[in-house]
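If you scroll down you'll find the structure; I have some questions about it.
Labels for the chains are A, B, C and D, by order of writing; each one numbers its residues from 1.
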Amino acid sequence: MTDGIFIAIGIFTLLCGSSVILCKSPVYSAFSLILSFFGLAGLYILLESPFIAVIQVLVYTGAIVVLFVYVVMLMNPNSSGAYRNWIFMIVSAFLAWAVSLYLLKALTLGVAPAVGGAHALSLKEVATLLFTKYLWPFEILSIFLVVMIVAVFALAKQSKETPNE
Amino acid sequence: MSNFSSVYWTQFIAIALIGLGMVGFLIRRNAIVVLMSIELMLNGVNLLLIEAAHRSGSADGTMLVVFIITIAAGEVAVGLGILLNLYRIKHSSDTELYKELQG
Amino acid sequence: MMMPLLLAAPLIGAIVNGLILRPATAKRAGVIASIAALTSFASVMVQHFAPDAGPFEWTWFTVGELTVKWSFASDPLTWMMCAVVTGIGSLIHIYSIGYMSHEHNAYRYFAYLNFFLFNMLVLITSTSLLGMFVGWEGVGLCSYLLIGYWFEDINKAKAGMKAFIVNRIGDAGFLIGIFICYQLFKTLNFAEIAKLLDTQTFDVRMLNLAAFFLFIGAMGKSAQIPLYVWLPDAMAGPTPVSALIHAATMVTAGIYLICRMNGLFLVAQDTSLFIAIIGISTALLSALIATSQRDIKKVLAYSTVSQLGLMFLALGCGAYLAAIFHVMTHAFFKALLFLGSGSVIHACEGEQDIWKMGGLKKKLPSTFLTFTIGTIAIAGIPPLAGFFSKDMILYSALTAKSYGTTFWILGLLVSFLTAFYMVRVWALTFLGEYRGDKHPHESPATMLIPLYILAFGSIVAGFLGMPEGLHLLPNYLEAFLHPVLGPLVEGHGALSEERAMAVATVSAIIACSLGFYFYSKPERSETPGKILVPFKTVFENKFWVDELYGLVIVKPFDALCAFFAKFFDPNIIDGLVLLPSKAAQGMGSLLVLLQTGIVQTYLLFFVFGLLVLFMVLLKGVVL
Amino acid sequence: MDQFDFIVLAVKTLVILVLIIQVVPVMIYLERKIAALIQDRPGPNRVGPLGLLQPVADALKLLMKEDPVPSNVNKFLFQIAPFLAVMPACLSLAALPLGDFFEIGDRKYLLQIADLNVGLLYIFAIGSLGIYGTLFGGWASNNKFSLIGAMRSASQIVSYEIPLALGVTGAVMMYGTLSLREMVFKQSGLLLGVLPNWGVFYQPLGFLVFFVAAFAETNRLPFDLPETEAELVAGFHTEYGSMSFASFFMAEYMAMTTMSAVMTTVYFGGWQIPYLSDEALFSMIGSRNILALIQVAVFFTKVMVFMCIYVWVRWTLPRFRFDQLMKLSWGNLIPIGLINIVLTAIGLYFWDKR
C-alpha cells in the first residue's frame, strides 16, 4: 500500500517539477515549485526522516520560495518569449535525457543491499551528530552564511548606488 | 513502511527531477526560472541522499541534506541579489540580454 | 729591372695625385702626372736596349690545379704597344696641363689619367689571359671615371654609365672566352697556348667558339657593330681623354688581344671571316654617319670607329702586321686630330659645332698647320703615314682567301668617305669666315708642342713599315714583329700591290678635291646636304641605332623589373610570409563564434561535456 | 491502525477543527465588546440579548455578500490566495495537545491529533506558509496598494519568524524535546513550593520575545502595517469580496489561536491546573474522560486569556512605523533571544534539572 502512495506522491512531484519548467509565467512556476516541495516533503516522511521533511518545508518552502515569489513580484516579468529557439529545446532535452539515463545506470550499479531497520532520526541524535562528528562542517557553514549575508548587503548597496536609468 | 519492494522508484524520481532541472535551466530564457530549476536539481540530489540514508540506515545522508539546504538558501539569496541588479540595469530578466561578455 | 718601374711609375703618380696631395692646383698635379708618364716612357726605351732577364712575376692565387700568377714580360709586340701607349700618353699628359688649367679640382683628373695608364700597361704586359682581363677591367673603369669627369652634368654622367655598361657586356663575352680557353688548353699563358696550338690538334668547333667569345670582348672594347654605341657618347669627357683613350690606347686593346692570340684565330677561319665582315660593315656604317655630323668630336669619334673597322678587316684577313701597323699610325694622326680639335674648342670656349666655326686659319695658325697634316695623313695621301698602313690593309684584304675583291672594293669606298668627311671638317672649321659669336685665340705653348711632335710622328711613322715592292726602305716593322706575328703571307689578288696603291691614291685625291670643292665656299656647303636629303636625315640620326637598342633591350628589361617589383614581390613573396599570420587570425575569428556571451550556451557545452564524461566512464555498460 | 482507531482519529480531528473554528465568532464578539469596554461604550447589544447574536449576523452578512473577481486580475492566484491563507492556520492545529488522553473501552486516545516528536518545529513550518496567502493575494489583485501591503506583510512575517524561533529555543533547550505533549508533562509540579512549575518562570526573557513576535506573526495591531487603513486601504485583501475576505479574517484569528495555544502549552503548562496535579484530580473525579474534559476546559480558558490580551493590546497601543518595526525585530528581539539562549545554556549547565 505504501508503495502506491509513494509512487502517487512521486508522480505528483514530477508533474509539479515539469510544470515549473514549462509554465510560461514565472509566478505559476513558483507556485508549482511550492507544490513539488510539498510532494518532496511527503516523500521524505515516507522515507522515515520527518526532521528533513519539516526542515524542507520550513526552509525551502517557507523562505527560499518566498524570496523567489518576492523577486518575481518586484520584476513582474512578462511571459513572452519564455523558451529558447527550437533547436536548443530539442538538443537540451536529448542531452538531459541521456545524462539522466547514464546517471540511473551508474546509480543502480552500486546499489548497496537494503539494510532496513532504519529508525526515524530524532532531533537529539541529529543535534549530537551535528556537534560531534560534523562540528567542522557546521562551523564552516556558519562562516559561509555570514559571508552570504555580507554578499547580499553588498549587492543591495550596489543596486542602491547605480542610478536606475 | 520500512523497506520497499524496489529501491528503483525513488532513484527514478530523483534522477527525473535532476533531468527536469537540467532541461529547465537550458531551455528557459527567464533567469528566475533558471534559478528555480537549479533548486529543483538540488532537491533531486537531496532525495537521492535521503533514500541512501534510509537504505543504509546511517545518519550521514541526513546531515548532508541539512548542509545542502543551508547552502542552497545562501545561494538563492545571492543569486536573486545579482538578478535584481541585472534587472535594474537591463529592465528585463531575459538571459539572452545579458551577453556583453562575448568574444 | 725596367718592367716594375714601368708599371709602378703611373701607379705612384695616381696615388700621389689622388690621395696624398689632394688640394693641389691643376698645374702642380699635371706636372707630377706628366713626370710619372715620362718615366714610364723612358723605362720602355731603356727596356728595348737592355731587356730584362725573365718575366717579372709572383703568384696571385691557386685554385685546384690552376695557379694564377701576376707575370709581366716584354716581347717585341708588347714593347711596341708600350712605346705607343706611354709615348702618346705622356704627350697627352703635357697637353692636359694646359687644357685643364682652369679646372679647380683637376688632381682627380690627373689621378684617373695616371691610373688609366697603369691599367693599360698591365693589360699589355701581362703574359696570361687573366692578367690581361684585370687590366681590361681597370681600363674600362678609368674610361667610365674620365668620361663622367664632369659628373654634375647628368648627360655626361649617363654617357659614362652607358660606356661602362656596354663595355661590361663585351667583358662578359671575353670572360666566357677565357673560360673556354682554359677548358681547352688547361692554361691561360699566351706562350703555352701558342705552343699547344702548334703541337696538338683541337676540336675546330670549340676553337671557333673560343675565338668568337674573345672577339665579343674585343667588339665591346674596340666599339664594333653591335657594341659601338658608347664611343660617340664618350666624347662627353674632356678632349685629351678622348684623344688618349678613345683614339690611341684603349680602343686598340681589342686588336692587341686578337694579335696576341693570333695562333687561335689563324686556325678558327670561320670566326676570322666573321671578324672581317663585322669590321668592314662597322667601317662603312660609321663612315656614312660621320659625313653628316655637326659636332667636330662626333665626326672624329665615328672616324675612329671606321678606322677600327678597317683594322678588324685586316685581322679577319689574317694580316696581323697590317692591323698593328695601322694601330701605330692611327694612334699618331688621330691623337693629333683630337688634340687639334681640343685646342679649337678650347679657343672657342667650348663651342663644338663646326657650322658655328670657320675662318680659324688666321686666328689659330699652328693649330691649323698641325690639323692640316693630320687630315692629309688620315685621308691616305702619300707620303704620309695613313697612306702606307691603310694601303697595307687594303692589299691584305685584296689577297685574302675568301671574298678578297669585295672586301677591297668596300675598303676603298670607306677610305674615299674618310677622306671626304675629314676634308669637310677641315674646310668648315678653318676656311671661310668665322660664323660663331666667340672671339677665338691661339692655345698656350704646352698645348702646341705635343701637336708639333705628333705632326712629325704622323709624317715619319709611315716609313717604318714600307712594303718591299717600293724598294725604298726595308720593312723594319715586319722584321721587328716577325717572331711574334709570324710571316707576312704572300697572297695573289686581282691586282698587284703597286697597282692597288695607285688606285687607292687616286680615289683619295678625288675625295679630297670633291670635299674641298663643296665646303671651302659657304654657299656651296649646303649642296651635298640637298643632294643626299633622304640619306642625310638617316645619317644624322645615326640610323636610329640608339633608339633601336632602347626599344629592343631597355624597355622590355624595365617592364620585366616593373613586373617583379610591383606584382611578384608584394603578392607572392610577401603573401607567403604573411600567410601564417592571416591563417592564425582566421582561426581566431572562428573560435570567437563559440563565445556567445549567453550563459545558457555555456551550460549546454557543460552538459554535453558531462555526457561525454559519462560515456567514457561507463564505456562497458550498455544502456 | 485498525478500523476503529481510524474512525476515532477522524472524529477527533473533526471535533478539534470545529472547536477552533468556533473560536472565530466568539472572538469577533469578544473583540467588539472589549474594544467597546476600553473605549467606554456599550458595544454590540442590539442583536440578540447582550449582542450575543452579533457574530452570527456578521457571518450571515459575509456569506450573503457577492464575491466579485476584478477583470484584470490573475484569476487563478486571486481565487487560490484565500485558501492558501486559511490552509496553514488549520494544519497547525494538528500538533496542539488539548489535554492528556481519554479512554473508550480499554484503549486510550490522545487528546491531540498527532503527537509528533518534532511538534513545535512542525507548527513553525506550517506557520511560515501563511506568507503565501498574503503574497499571492496582494500580487494577484494587481493594484499598487495591495502589492505594497503584501510586500510589507511578507517581509514583516519573515523577519519575525527568527525571534519567534529564538524565543522558543530557550524553552526547548530546557525541556529537551520538541514534542508539545512531553513539554506539558514537564511543567507539572511546583517551583520553589509557591509557583506552578511553568515555563514562563524559567524563561521570562524567552516568553517576552515570543510574545512580541507572536503579535507580529499574526499581523495584529502594533504590527498592523499591511492593512493600515490610512495608506493602504485594506492592504493585501483590498480587492476581496465577502467570503474571500472572511477567509482572510478567519485565517488571522486561527493564527492568533494557534499562537496563544503554543504560548500556553510551552510557557503556561498547557492543560495543567496550577496547584493540582493530574493524579490528584483524577482521584477526586474518578472518571478519566471527565478529567479530559476538565483539562480541555482549562486549556481553552488559558487560550481565551491570551486572546483577550491580543484584543486588549490592539485597542491600546499605536501602530509602529515600518522601519521601527524592522528595527525592533532585527535590532532588539533577536539579540534578546540570543542572550536568552546563552543564559538558559548556563542555567542548564549548572542546575541540570532533568
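Assume contacts are C-beta pairs under 8 Å (C-beta built on N, C-alpha and C of every residue); 3 or more make two chains touch, one makes a residue touch a chain.
Everything numeric in this text was worked out from a predicted model, so none of it was measured.
A.B. asks: Find the most central chain, measuring centrality by the gap between its CA centroid and the centroid of all protein CA atoms shown.
C.D. replies: Most central by this criterion: B.
A.B. asks: With centres defined by CA atoms only, which chain is the most remote from chain A?
C.D. replies: Taking each chain's C-alpha mean as its centre, the farthest from chain A is C.
A.B. asks: With centres defined as the mean C-alpha position, give me the chain B-chain D separation in Å.
C.D. replies: Here chain B and chain D have centroids separated by 34 Å.
A.B. asks: Roughly how far is chain A from chain B, going centre to centre by Cα mean, in whole Å?
C.D. replies: Their C-alpha centroids are separated by 5 Å.
A.B. asks: Return the distance between the CA-based centres of chain A and chain C, expressed in whole Å.
C.D. replies: So the centroids are 106 Å from each other.
A.B. asks: Distance-wise, how many Å sit between the C-alpha centres of chain A and chain D, to the nearest whole number?
C.D. replies: From the centre of chain A to the centre of chain D is 29 Å.
A.B. asks: Could you say which residues in chain B touch two or more other chains, in rising order?
C.D. replies: Expected reply: 22, 26, 29, 96.
A.B. asks: Which positions in chain C touch two or more other chains at once?
C.D. replies: 600, 604, 607
A.B. asks: Among all residues of chain A, which ones touch two or more of the remaining chains?
C.D. replies: 51, 55, 63, 70, 84, 88, 92, 95-96, 99, 103
A.B. asks: If we use the touch criterion from the header, which chain pairs count as touching?
C.D. replies: After working through each pair, the chains in contact turn out to be A-B, A-C, A-D, B-C.
A.B. asks: What residues on chain C touch chain B, complex-wise?
C.D. replies: It is residues 591-600, 603-604, 607 of chain C that touch chain B.
A.B. asks: Which positions of chain B touch chain C when the two form their complex?
C.D. replies: Touching chain C: residues 22, 25-26, 29, 34, 95-96, 98-103 of chain B.
A.B. asks: Which residues of chain D touch chain A in the complex?
C.D. replies: Touching chain A from chain D are residues 74, 76-77, 80, 116-118, 121-122, 124-126, 128-129, 131-132, 135-136, 138-139, 147, 150-151, 154, 158, 161, 176-178.
A.B. asks: Could you pull out which chain C residues touch chain A in their complex?
C.D. replies: Result: residues 600, 604, 607-608, 610-611, 614-615, 617-618, 621, 623 of chain C touch chain A.
A.B. asks: List the residues on chain A that touch chain C in their complex, please.
C.D. replies: Residues of chain A touching chain C: 84, 88, 91-92, 95-96, 98-99, 101-103, 105-106, 109.
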